[in-house]
Every structure is written in C-alpha cells, then in structure tokens.
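Listed after this line are the structures, all set down as structure tokens.
You will see two complexes here that share subunit A, one where it goes with subunit B and one where it goes with subunit C.
The block that comes next holds the complex of A and B.
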C-alpha cells in the first residue's frame, strides 16, 4: 500500500494521498483532488491498470462530493478519489473516454444529482424515462432546469435505410425480466445495441436515506432476488464495519454456508434459464428439482424461500438446527452426483458447444475498462474472486479454488459457473465440519445504531460478481447516503460492445451468459 | 369396414369424398392425440407427470385446449396486410390434406394411388413455405417477418437433401407411386439398403417441420413465437394443427419409404403403419425435449455443406450400383 501512495505522490503532483485503515473503512488509501486534477489522477490509475469500481456522488449540503473508487484485479488496493464540486453549478470532467464503465455511472449521477459531466457523449436518462421535476437524491429540492431536461430526453433511436429497429424486451422471453434492449438490425445481424433501463426502478438508494439501518434490511433481498443472501450479507457486513460490531464465529460459518447454498441456487437457475435461451427446455426442470432441495433447507432457518433476510447486525436471525445441518449434508451429497448428469446433458452436446464456443469473447482489457465482475470477469482469465481477495466472514478459513477461463467466451462462463458450484459444495462441506458452537448473535447490539460520522465501503462476491456497498453516516440512526455498486449493472454495460455485429441468436446467448438480474440493475 | 365402404362407394368421386372426410377426421384426431402425447412425453422427460386432471390420464386435455382456443377473441393487428393475414392459416392447411390422399395406410386403405404420389406430396409441401411467408409478412410485425424469412431460407435449403434422400429409394423401387414403393419392400426394408438416405431424410424432415433443434422460425427465446406471433384463437390453432399433422406426414413418408410402410407380420397392415409412423413421431418429440437450438448460419451450413453433398454422393453411388 505504501508503494502506491509514493507512486501517486510522484505520478500526480499536487495531490496528497493518505493511508487509510482497511478494516475500518474498506479502502486502502484516499486522496482529494480538484476537478482540474481529476483527469490526471484517473490517467495515473488507468496507466497502472486499475479498474474503476464505482463512481458515487454524495450531497453534503454545502458541497457535492464525487467519489471514484479504483482497484486492481490481482491484489486488493482500493483507492478512493474524492472530488468536491460546487452544488450550485455542479460540473465535473467526464472520464468516460478513459473508462467505458464510467459512462453509465455519470449518466446516473446526472439524473439523480444534476451534475453535468463535460465531454460525456450522451447525457440521456438512464432510469427515469417519465421525466423528473427535481433531482431526487439532492438533500434540498433542486428543480431540473429546462436545458437539462432537453439533454436528458435525448435518447431517440431513428431508423435508417437498410436497417430496422427491434425491441428486445421489456417483455421478451429471453431478457428474464423487464430489460429492454433496442437493437439496430441489418437483417439478422446487430449493428448496434442500446440497453434501456428503469422498468423496475424503485430507488432503493433513496429509500435507504429515509429509513433506519434495521428498516432497510428487507430491501436488500429485493434487489437481487436470486442472490438475496449475498446482498443481505454485504449490507450487514457494511453496517457492522461502520458501527464496529463484532460477530461470533458460529454466525460467520453459518453465514458462508447459507450464502454458498444461495450461490448454488442462483447458478442452477442460471444454467436452466440459459439453456432455455438456447432452446433446450428440459434442463430448466431438472435444475428446479435440485434448487427445490436448497430452498427447503433455507426455508427452515430463514423463513423465506427467495427474498431472504436471514442475517442481522452482529449475527443471525435464527440459529441453525439439526434439521438444517442434516438437510444441507443430504443436499451436498445429492448435488455431487448431479454434475455428471449435467455434463452428459449439456457439456457433451455438440449443438450447445457450437452455440457457445467463441461467442461474446471478452479480453482482459475490455474486462478492466468496463469493470465487469464475477464469472464473466473470470472467463477472461482474471482470477479475481473477492472471497479470496478480501476475505470476509469465514472465507479465509476454508479452502477453495477460483476457476478461470481461457478464451473469455460464453462457454467459459458456463464452465466457470459449474466449477463454482463444485467449489461452493467444498466450502459448505468444510464449513459444516468446522462449524463451532457458541452464540449466534453478538451481545449488546444496540437497538438504535448511531454510527460515527464517516463513510465505509464493503465488497462481497455475489453469484454475479462484485457487490460494493458505500455508506455515509451523519451520526443519525439511518444512512445519509447509500450506494450499491451492483455486478449486473457493470456486466450489462459491456453488452453493446459484445453484441456489435453478431447474429440475433448470438446476442441472446451473450445476454444470457451475463446472468443479469434486472431488479438489481434498476435498484 | 372402411375397405367395404370404399368399394361400395364405387365411383372415383365417391371414393374421394369418403376419403377426404376420413382424412379430415384423422387430421383432427391425430393433432389432438399428438398434443396430448407431446405434453405427456415432455412431462415425463422433465421429471413431472404432464396433464392429468382433465379426464383419465389427462386425455381430454387437448379437447379442453381446443375449446379454449375456439372461445378466444380473434385479434387482427391494426396495420396487418389483411388478405395475406387471413389467408395464411387456411393456406397452410391445404397441402396437409392433399398429402394424406396418396399415403397408403394399408394395402387397400389409400384414398387414391397416383403414379407420381411422392411428387404430389413434395410439391404441395412447398406451399407451406408460401403460407408461412404470407403469415410473417401479413402480420406487420418484425419478429414475425424475421421468423418467416428464416423459415423460407430453411425450408428451401432442406427440401433439397430431402428429395435427394428419397431419390435412391425411387430408383430402387423403380416407381414414384407410394404403394409400389411399399410393395417393393416385401423382402427387405429400404432402410437396410439405404441407411444414409434414411438419416438424411429424417434430419431434413425435422428441419422441414420446424422442430427443435431446427425450430428457428419460431425460436421462442429469440423471436417470441416467430411467424405466428400475431395470430390468436382459431387461426393460431390452424397453424398448430398443421404443424402436428406435418410431423405425422414426414414420419409417415419415412415409414413408407424406408420402414416397409404397412408391411409386417401378424398384425394388420394399418397397425404396422401407424406403429412405425408414431415411433418416428416419438423420436421427433424426444429430440425437441433434449436438444438446444442451432444457430441460423449453422443450420444453413449443415444443409448446404453437409447434407446435400452427402445425399448427392449417396445418390450417385446408388445409381452406379444399380447400373452394375
């Protein structure tokens, strides 16, 4: 970490990086930059092959703060770059030319805060297509000026000679939810793909600002309904980091068991839905059979089958019982015997291989520029798994591998997800063997949390990849700002790039391989 | 009994009328039975049991479905090309009926034995493509249009290997009449002499009927429902009926050309014929619930670069051997 601080000092004169305690804050170093210095700082990180993790805006009443989080894929080194801007005339230089992933984040901030990013190619609406009269995330009511409204409304697909537009979604069998992708087609080939978001936008980030920390807990499972445990875990860990709440060992192990069960569940559903996208309908029913076994086990302790809210600040809602442990053991045994079946049904199928091999190939550079996460990132050959990189809960006490791909194509994402299911089973087996006794809940967790002023960032590896939660506390009992960096959002950003020039059928195969969960993108 | 009626009817015209009525009845019963079978087979392949509530083993389910479809509102898209849109579902049904006329269900059970029987079937089955194109174009829907365009390219590509695979059999039997082809297999089924032709024909016929893994014209995950996206109620039912009848026809032709048609020991001819045909129908259903879909360029490459050269080679070798 000291290395990077020295490098920043010499590389970008004029900024003062400081080292930060990682366990307390969730990032390693922080620096303040003025809007004029920003491009220089970002270029510095780009040259050192950092990726842009997230771009966050926070309203501190007398100033707006833009936070750029940079990290590397191979060694955890998270740098927070904060830029203060004037709330009356909020402008900042756009970094979308350097980082493609910044493009959507900047659009989102423009829509919610009114910050104008100079040099951005398209400042149109990302979520709120019905129009807004004031910027929803500003602390004071700031009306949207007419020129800004015109800028926001600029998304208009226009037809041309020899091409036509089709709407893939918002109601379409293969978008798995209400995602809309406007495709500019030349016959069966796609010339341009433009995702249109916001059909399931609920503004969880605004909701968080109006609730206490406890009240927001159930919201977490509603963002990613397939990986609810991971989202739940991420939020709980973030608040625990913010309020310095200790967690007993037993809770840590149960947390990873439940999260890994949920991960298998999510990957199984992906497998079934993906093959349905490719036209094979039978595996869908097979995976539901396996998934059912997990749901039954989790229902016994968490009380729900899909939108779990099992973890609490300092522990768990409920201790696991013998039925849970026996059920989990039985499931693990059953699941090990199922892989050969999927192997025969799917991997051995020449049609499946020909549909997926060499399709949607992602290079390492693309993966970095777009900030893709999870199995899609690992398919490009980057062994980045946050369970290993920044171990949380009890992940540092179990042994597992990070499967990576060779070609970065759609077939690799399939292989990685299957291998991840096997590794999840290994984690569950080890965690069950090591499961300690003792309390499942920390003592003396206050009913009303009043965390100290400041911010924290917490990452967890969800089934879809890196989830980051950024919380700003103003010493009240609820967050003053909460930002969710969700994996599907950044994975969808790369889709237009991958879909360029491919057949419609391949676009469906690529879209499916990204494993998007729409409520998570729209939040 | 039908035999007696046919002889009683005497005149050719009377025979035709009775035959057509029989064919119509068979088409409907066949389609109902196949929808039930498809759902039941799919159910058991997917670890569930399929329809079971309506009637014993869910046997009445297809009738309930038919009533539901009849009762549905028939919607016409505002911008549809009306004559084409209305004509397409009817037109898709004509070749289906014609094909039945020449198929020999038994030695005596054939509406009429035309001496160019197989040509009649192949010629009329091309009309299906036209009606799919009409449906896709007339619906004024982009998904329908893509589905229709795919369908035309696919059907044209797969008609060639289909015909090329049937030709060696015609050469062996020395006839285009379906009955004589069946009679030619008295000692040995042609599938033994022409295994390659049988496989090529079967693959091509799956593609001709737009079934998985070649169901691109109606690829659900890409084109919603392809060329019949905009059809509802009875019009949709007609497409549905035609699809299932087509499955039976291609299987019946395969049984006739390669599996000895109505010939077999002990059991009456018609039982043998239906057994063979429905076995092939079962295989087609089985394929659907096992395989994913191929991509469009892969589909065309497979026909033009794989099946057609192979079928041609097979034809030349058969011709050469016959000359010897």
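The block that comes next holds the complex of A and C.
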C-alpha cells in the first residue's frame, strides 16, 4: 500500500495522496486533483493496469465533486480520486478515451447532474425520458438548458444504403426485461449495437436521499431481484461500516449461508433462462423445480420468496431455526445429485456447444478497460472474486475456489457459473458445520442512526459480480448521496464491442451470457 | 372505470348471438394466451407461476406468446415508467380483441413503493394507460395470488367460477 502512495507522488507531481484506514472507509488511499491534473492522474493508473471501478458525482451545494475509484484485479488497492467542480458551469475533461467504461458513467452524470464532459464522443441521454425538465439528482432545482434538451431521445437511426435497423426490445423475451438495443444491421450481421436504457429507472438513488437508512432497506431487494440477498448484504455492510456497528459471529455465518443459497438460486434461473434463449425449454422446468426448494428454505426465515430484506444493521431480522438448518442440509444433498443431470442435459449437448463455443470472446485487456465483473470477468482468466479479495462477513473462514475460464467465450461463463454453484454448496456445508451459537443481533443498535460526516465504500460479490455502494453522510439520519456501482451496468457496456460483426442469433447468445438484470442497470 | 383512468366507449354490437357468445366465452376463459410482458420483479413470480410447481397450464393459460398479436391477455408485471408507457400502450393496441389486462403487483396497481414526493419517472398505476380487469396486489404477489387472479378473470369472462371460493380463516 505504501508503495502506491510513493509511486503516485513521483509519477504525478503536484497531487498529495494520503493513506486511508481501509476498515473505516473501504478504500486504501485518497487524493484530490484539479480538473487540469485529472488526465495525468488517470493516465498514471491506466499505465499501472488499474481498472476504473466507478465514477460518482455528489452535490455538496457549494461545489460538485466527481469521485473516480480505481482498483486492480490482482490485489485490493482502491484509490479514490476526487475532483471539485463549479456547480454553475459544471465541466470536466472526459476520460473515455483512456477508459471505455467511463463513457457511460459520464453520460449518466451528465443527465443527472448536468456536468458536461469535454471531449466525450456522445453525450446523448441514456436513462431519462423526453419530458424531463430538470437535473434530478441536484440538490437545488436546475432546469435543463435547451442545448441539453436536444440530446434527449438519444439514439436517432440515420438512413444509409444496405443497412437497416432492428429494435431488440424493450419488450423482447431474450433481453430478460425491458432493455432496448438498437441494432444497425448489414444483412444478418450486426454493424453497430446501441443499448438504450432507462425503461425501468425507478429512482432508487433519488429515493435514498429522501429516506432514512432503515427506510431504504426494502429497496435493496427490488434493485436486483435475483440476487436480493447480496444487495441487502452490501447495503447493511456499508451502513455498518459508516456507523461502526459490530456484528455477532452467528449473524455473519447465517449471512453467508443465506447469500450463497440466493446465489445458487440466481445462477439456476440464469441457466434456465439462457438455455431458453438458445431454444432449449426443458432445462427451464428443471431449474425452477430446484429453485423452489431454495425458496421454501429462505421463505421460512426471511418471510418472502423473492425480494428478501433479511439482514438488519448489526445482525439479522430473526434467528435461523432447526427447520432452516434441516432444510438447507436437505437442499445441499439434493443439489449435489442434480449436477450430473444438468451435465447430461446441457453440457454435453452438441447444439449448445456449437452455439456458445468461440463467440463473445473477451480478452483480459478488454475486461480491464470496460471494468466487467463477476463470471464474465473470470471467463477472461482473471481470478478476481471479492469474497476472496476483500473478505467480508465470514468468507475468510471458509474454503472455496475461484473458477476461471480459458478462452473468455460464452461457454466459459456457463462453466464458471456451474462451478460457482458447486463452490457455493461447499461454502454452505462448511458454514453450517461451523455455525456458532450466541446472539444473532448486536446489542445497542440505535433506532435512529446518526453517522459521522464522511463517505464510505463497500463492495460485495453478487451473482453477477462486483457491487459497490458509496454512501455520503451529512450527519442526518439519512444518506446525503448513495451511489450503486452495479455489475450488470458495467457488463452491458462491453456488449456493443462484442456484438460488432456477429450474427444476430449469436448476439442473443452473448447478451444472455452477461446475465443482465435490468432494474439493477437502470436503478 | 371510475375516477382514475379513462372511459371506454360502450361496445356496439348490432346482432348478438347469445348462446354462441356464451360458448365462445367459455372457450376464451379456458385458453387465455398471455403476452410475455415481464417488466420487473413480478415477472419472475409470473415465470414461477407458469413453471413446474404451480403449473399455469392446468388452467389452459400457460401458452406465453412473445408477440402481442397472438395474445389476448396482458399481465403487467412490474413498474411502468414514463419511458415505457408509450411502448406499453402500443403493445396493448396491437393485441386483437377481445383482450384483458391483469395488473400484477403494487407497482402496476398504483406505483407501489416507488411513489414519493418529487418522483419524476413513474406512471402511478397502469390503469392510467390501459383498462385493467383484475388487480393482483403484493410486492411481489405469490404465484397462488396470480392464479387467483386468473380465476377471477375467468369468472369475469364466463360469469361462473371454476372452483368454489376459498373463505379466509382470519
């Protein structure tokens, strides 16, 4: 860690990096840069093979702050670069030429805060509808000026010879929700793919600013309804870090059991839905059978089937009972016997193999530039799993592997997800064996949380990859800013690149392999 | 339709064949073809309803169509945003008559948990866009609740109920 601070000091003259306590803040070092220095700082991180984790804007009333988070895939080394900009004329240099992933983050900030990024190739609106007349996340009402209004209704297809356009979505079975991708076609081949988002923008980040910490808890399950436990866990961990709330050991173990059960559930649904995209309907019926077995177990303790809100600040909503433990054991036993069935049904199927092998190949460099996460990242051969990299809850007390791919193609993401389900079962078995007694909830958690002024960042590994939660507190009982860095958003960014020049049918196979959950992208 | 939403013109049918209509209604009620219209969380519960355990096919309604031109029932499963609203209306208009709408989940009914002062992106209830026949509350509703919604719709179409009504024990 000290190495990076010295390296920044020598590599970028004029900036003053400081070391930060990781357990308190969630990042290792922080530095302040002026807009002129920004490009130099970003180039420094790019040369050292960092990836851009997230780009966040916060409105502090008298100034806007842009936060760039950089991290490496090899060892946890998170650096926060903060840039202050003037709220009356908000402009900043675009870094999309260096990091492809910055492109969409900058567009997002532009439409929610009105920050103009100079040198950005396409500042068109990504999320919002045509009727919007102000910048939603600014603290004071700032009307959208006429030149920005012209950027609404982002993608306008233009006519050219021998090309035509196809709208994939927003209502299409294989986009798994309401994603719209405008495809510029040359015959059966895709020339250009342009995703249009925001058909399910439910204003979670705006809601967070209007609610207390406790009131926001149910929203987490609705953001990613397939990996609700992971999102719930990430949020409570972030608030626990912000307010320094201790968590008893029993709660930590129950948390990872519940999260891993949910992860299997999510991967199973992906498996069924993905194969349905490719034309195989039978596995869909099998996976739902297994999935219902998990839902029964989780429903017994969490009370709901899908949008769980089981974790609380400092522990759990209620303790697990014997029925939960017996049910989990029975499920684990059942699931181990099912893999051979899926192996026979899917993995050996020649049609499946031919449709997935060698398409949508991602290289390591692409994975870094686009900041992709989860099984898609690991398919490129990068063994980066936040459960191992930055262990939270009780993940450092269980033993599991990180499956990685060889080719980076779509078939690898399938193999990784199946292997991850096996590893999740191993984690559950170990956690059940080690499950300690004692209280399930920390003592003396105040009813009204009043965290100190400042910001925290918390990452968790969801079924789709890296989830990051950035909370800014202004000493009130609710967050002043909450930003969700979601894995599906960064995974979708790479799709236009992967879809270039492939057949339409393959594009559907690639899109499905990214395992997108649309409410998570749109937030 | 009451205060919310809009009023439909009363259907004018010059000649009505009473018995034929009744037979047709029976056929329609027992073979509802829903349009695959998954918006958000509720879509997963809709899928669960159609799959192995709950088996919507028992009621002849398991044939989910990917095209609105082949369906006669739209299940609005999830939050309708202002950006999605014109798409939803277009899809509804593309469905052939007679057609029905189930508003599944609190978001489709009223905007649900996402209504707050100063919200800028939500249609607060799908009945502001299209006429709704059955409301299924829940966040998300359980598959059993959606099945009950189907039974209610069948009752609305034919005038009689497939199963005896279950009385609440509370």
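Going forward, the second predicted complex is superposed on the first by the 518 of 523 C-alpha atoms of A that agree within 3 Å, B and C clash if a C-alpha of one lies under 4 Å from a C-alpha of the other, contacts with A are read in each partner's own complex, and residues count from 1 in each chain.
Just so we're on the same page, a residue touches a chain if its C-beta (ideal position, glycine included) is under 8 Å from a C-beta of that chain, and two chains touch if they have at least 3 such contacts.
Note that this is a predicted model, so its numbers are computed, not measured.
Asks: Pick one for A:372: touches subunit B only (first), subunit C only (second), both, or neither.
Replies: Touch status of A:372: no partner.
Asks: Does subunit B (first) or subunit C (second) touch A:177, or do both, or does neither?
Replies: Touch partner of A:177: subunit C, not subunit B.
Asks: Once the shared chain is lined up, is A:278 touching subunit B (first), subunit C (second), both, or neither of them?
Replies: In the superposed model, A:278 contacts subunit B only, not subunit C.
Asks: First (subunit B), second (subunit C), both or neither: which does A:503 touch?
Replies: The first partner, subunit B, only.
Asks: Per the contact definition in the header, classify A:41: touching subunit B only (first), subunit C only (second), both, or neither.
Replies: It touches nothing on subunit B or subunit C.
Asks: State whether subunit B or subunit C is in contact with more residues of subunit A in the superposed arrangement.
Replies: C
Asks: A:132 in the overlay: touching subunit B, subunit C, both, or neither? Say first, second, both or neither.
Replies: In the superposed model, A:132 contacts subunit C only, not subunit B.
Asks: Check the residue A:289 against both partner chains and state whether it touches subunit B (first), subunit C (second), both, or neither.
Replies: both
Asks: Quick one: classify A:355 as touching subunit B (first), subunit C (second), both or neither.
Replies: Once the two structures are laid over each other on A, A:355 reaches subunit B alone.
Asks: Across the two complexes, find the residues of subunit A that touch subunit B and also touch subunit C.
Replies: In subunit A, residues 172-173, 284-286, 289 are touched by subunit B and also by subunit C.
Asks: Hey, which residues of subunit B end up touching subunit A in the complex?
Replies: 42, 45-48, 142-143, 146, 150, 212-213, 215-216, 219-222, 224, 289-298
Asks: Under the definition above, what is the set of subunit A residues touching subunit C in their complex?
Replies: So the residues of subunit A in touch with subunit C come to 128-129, 131-132, 134, 136, 170-173, 176-178, 198-203, 206-207, 210, 218-219, 222, 225-226, 269, 284-286, 288-289, 291-292, 305-307, 518-519.
Asks: Which part of subunit C faces subunit A closely enough to touch in the complex?
Replies: The touching residues are 36-41, 43-45, 47-48, 51-53, 66, 78-79, 81-84, 87, 91, 113-114, 116-122, 139-140, 142.
Asks: Which residues of subunit A touch subunit B in the complex?
Replies: Residues 164, 166, 172-174, 188, 275-282, 284-286, 289, 345, 349, 351-352, 354-355, 503-506, 508.
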